[in-house]
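Shared between the two complexes below is subunit A, which has subunit B as its partner in the first and subunit C in the second.
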Partner chain A sequence: MEQLEYEFDGAGSLRQSGPAVLVGVVSSGNLEVLVESAELGGRGRVVVNTSVRGFGEIWQAVLTDFAGRHNLANLLISINDAGATPAVVSLRLDQAAEEFYRGEP
Partner chain B sequence: MALHSCDTLAQNRQARLGRARTITGGKLLRPEQVTELLEAIIEPGDRVCLEGNNQKQADFLARCLSRVNPENVHDLHLVQSVVALPEHIELFERGIARRLDFSFSGPQGGRMAKLVGSGTIQIGAIHTYLELFSRYFIDLTPRVSLIAAQAADAAGNLYTGPNTEDTPVIAEATAFKNGIVIAQVNKIMDEVPRVDIPADWVDFVVESPKPHYIEPLFTRDPAQISEIQVLMAMMVIKGIYAEYGVQRLNHGIGFDSAAIELLLPTYAESLGLKGKICSYWALNPHPTMIPAIESGFVKSIHSFGSELGMEAYIARRPDIFFTGADGSMRSNRALCQAAGHYACDLFIGSTLQIDLAGNSSTATIDRITGFGGAANMGADARGRRHVSPTWLKAGQEAQGRNSSMPRGRKLVVQLVETFREHMQPAFVEELDAWQLMEKTGMDIPPVMIYGDDVSHIVTEEGIANLLLCRNEEEREQAIRGVAGYTPVGIARSRSAVENLRDRGIIKRPEDLGIDKRLATRDLLAARSIKELVRWSGGMYDPPRRFRNW
Partner chain C sequence: MTTTSCGTAGQSYYEANALKRITSLLDPGSFHEIIRPEEKISSPHLRILGQPCSFNDGIIVGAGRLAGKKVLIAGQEGGFMGGAVGEVHGAKLTGLLQRATEEGPDGVLLLLESGGVRLHEANAGLIAVSEIIRSVLAARVAGVPVIGLIGGVYGCFGGMGIVARCCNALIISEEGRMGLSGPEVIETTMGVEEFDASDRALVWRTVGGKHRYLIGEVQRLVDDDVAAFRAAAIELLNDPRPLSLEELQKEHGMLSDRLKSCSSAYDAIDIWHTMGIAEPETLPLLDTAAFHKAVQHVYRGAA
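And now, the complex of A and B:
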């Protein structure tokens, strides 16, 4: 296991805190993503627990693009990864963010 | 001046048949006579064709040949489509065979690479199927061919059933050049259901102790198709099939193209594309085509071979498949390869590695796998002259406005996720094929599809249209621009890629109006093998290993 942690500036205004959202499953080639509100001074934090070592740079690139697509202000995102490809990671992150903000403008 | 003899091959054939008469008086052999007969008939240095494709295998005859005494039978030159069985490799290890011209090696690729490295196997060349079959009639004509069929009658007429595959081309090349044809069959019948190979092309027949092996190579369980593959299939259907009105095509093997097949009755139908795309196919009878056939998408399918479990379904769909008077399918690999090359407007397939020029290869450093048919399908047909709207549109895109001579071209699409399993990037600066060339002493690296034949590359990130690229730099950035988070993708010029996107050379799902959230497995017309059986009205009978209910 390897734990990686990343922080991003939030974009735009702070959102109201809603219930936590969990998408995906921890099975081979897949991952689960938990999105919840947290008091992070307007920043966003992503904590990755992954079964595959040595891909820190790719995580950084995938998550930076994700932070460019969504406002991560005061969001804590926890990822349990079982060897998902970047394509699956991006898809799950987008699903989780959209689910979390569902109904909001 | 001596008269030049002009019938040495015929005399040699008679000498061989004469030696055979000490073993059998007729055409029919008992299984235990076969090895002895092969020793009597085959001469050292002979060119021998051992039928075996990635589907049907003349496995009993291969085993008999591997048991001959290498003191009597040695230095053979094998010419055959596929090196698939352990016996094929044993022929070389025992010194029975030395030289090899072939097309594909699949499961034996690792052992083969070692034996080539040690000099035990001398490879003439690795071919595409059509190329190898062509050489059977020019400079690689077999002296002896060992073939496989479903049944024979006492006269030696052969019935191949749905898996005709390579048999006609092998038998014809051998029989009409005074060679010797020996067939293994699953059973001897009083009367065969139809004659696929006439008796006077066949010298000996043996009823094999066990039916010949057939690999269910084209069965893909829909349960294993991922959401990413669904997303890529949506992009292909909307961004390529609809865009070019692709009516005549061939699909490679794999879950990526199986996803497209299973989206025809759902996603493609919802876009109003029935009748406008995917009507005519050069294709093995993929079980994942059943929902599209049952939904009325498909007008015709001609096949290279058959597929285990599809026989009864095919027999009841003679409007779609090519079937004989007996009701069962007739496949023919050589003709289907020619059809796929000349009469299809599109090929789509997956690969292991793509470089920055779009060259693709399935070779890895430790395995010699060869080419099979994809290279014939995935190449522009330079001898083509008939026009279709698809072919013409592709040609116009490739030529730009500069050409004074209008000409079309084939769409050749590579469909890959940016990372394969174990995080192996599909995009690389240099193909492993170069290292394999060095290691095995080949003259050129084994490239499956050359970059200048590729028209589009599709990944989960989007579609790169290489036809519209006007120079090598644009082409390289177009490829980097769909290469995702691979090192090749990360090293892109973001401004160049955005420029290509503005010009429609790169298209993202959102540029195609595709909502990624809709890319779920719910879009698949069948999500399991059992649902394929249901679509077929119970006529598809999947092999046991695919039954999990």
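And now, the complex of A and C:
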């Protein structure tokens, strides 16, 4: 197992108080993504627990792309990964963000 | 996203994950999760072993309504370690059942999908299963019906197979499988001559929904459709059998009759033949409606 942490600048201070959202399942080649509001001074934090060591740079690239598509201000994103490919990770992240924002009033 | 427009009609139970099953089974918008994933209560054992954890430890528990009735509900997530029962997973299920005993809801629905005990957690998993069994029976004694639903990818085996048979009633689809030792376990321990787990037809006609229904272990055989599971669950909640000595004796009678009448059978087809089904070898090919028609003259009902 390897734990990785990343931080991203959020764009402005959007009100992000939706209920937490969990998508995906921790099964082989898949992952679960938990999105929740947190007081992070306008930044976004991603914590990854992955079964595959040594892919920190790939995670950084995939998450930077994701942070470019969505505003992560004051969001804590926690990931349990069981060896998902970068494409699967991207899709799950988008699904999680979409469901989180849909839940927001 | 396409499912939004078609609603729950035609939603496959087999393909849905635990949360999807729960939310499309219950009255819309009525589900409230207990111990939500953001509490991050996951397995302490898996972490020590360097295995990936899940924020819900492979089970979702909560409360909701089914046709207006107040129910507690649990759904095992087969995708996470085959729905196997670890310490936290088991404690969530036991806690839900104890809550049922205290609060007396109209029923408990267990969406079972599990290979049994999570071997990584060894004794903690075994103890968890015994606690679940005890709490299912306690809920039943308290007059709360416990209904099991089986139709997931991984079936319902091992300790959870025992839990299933402790419920008031079970609903299964043709795709659902139930038993104690699963096909691979039997093959590994007894040899491929005893049971060939790669023979899909053999697996399904031995542990599959149709056979479990015919030999009197489940009360309803339904299509692989969440709406069909929902309709059957509503029916069974309206007709709960109490846990009594008479019911137990009836069940033991059924089991001893079955042992007598099936002791020389080599295959499920022999049993169906003995039961008086005209063309038993055709049963696996029939859809649920045609199957019910073909067996209604011999089906005696589950004990």
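In this text, the second predicted complex is superposed on the first by the 99 of 105 C-alpha atoms of A that agree within 3 Å, B and C clash if a C-alpha of one lies under 4 Å from a C-alpha of the other, contacts with A are read in each partner's own complex, and residues count from 1 in each chain.
Here is the rule we use: contacts are C-beta pairs under 8 Å (C-beta built on N, C-alpha and C of every residue); 3 or more make two chains touch, one makes a residue touch a chain.
Quantities reported herein were computed from a predicted structural model and do not represent experimental measurements.
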Partner chain in contact with A:22 - subunit B first, subunit C second, else both or neither: second
Touched partner set for A:94, first subunit B, second subunit C, both or neither: first
Partner chain(s) touched by A:85 [first = subunit B, second = subunit C, both, neither]: first
Which of subunit B and subunit C A:62 touches, first, second, both or neither: first
Residues of subunit A that lie at the interface with subunit B and also at the interface with subunit C: none
Subunit A - residues contacting subunit C, complex: 1, 20, 22, 25-27, 30, 32, 34, 36, 49-51, 78, 80-82
In the complex with subunit B, residue positions of subunit A that touch it: 29, 52, 55, 58, 61-62, 83, 85-88, 91, 94-95, 98
Touching residues (chain side subunit C, partner subunit A) in the complex: 17, 19, 36-38, 40, 42, 47, 50-56, 77, 79-80
Complex contact set, residues of subunit B against subunit A: 226-228, 231, 417-419, 421-423, 460-461, 484-485, 490, 516-517, 519
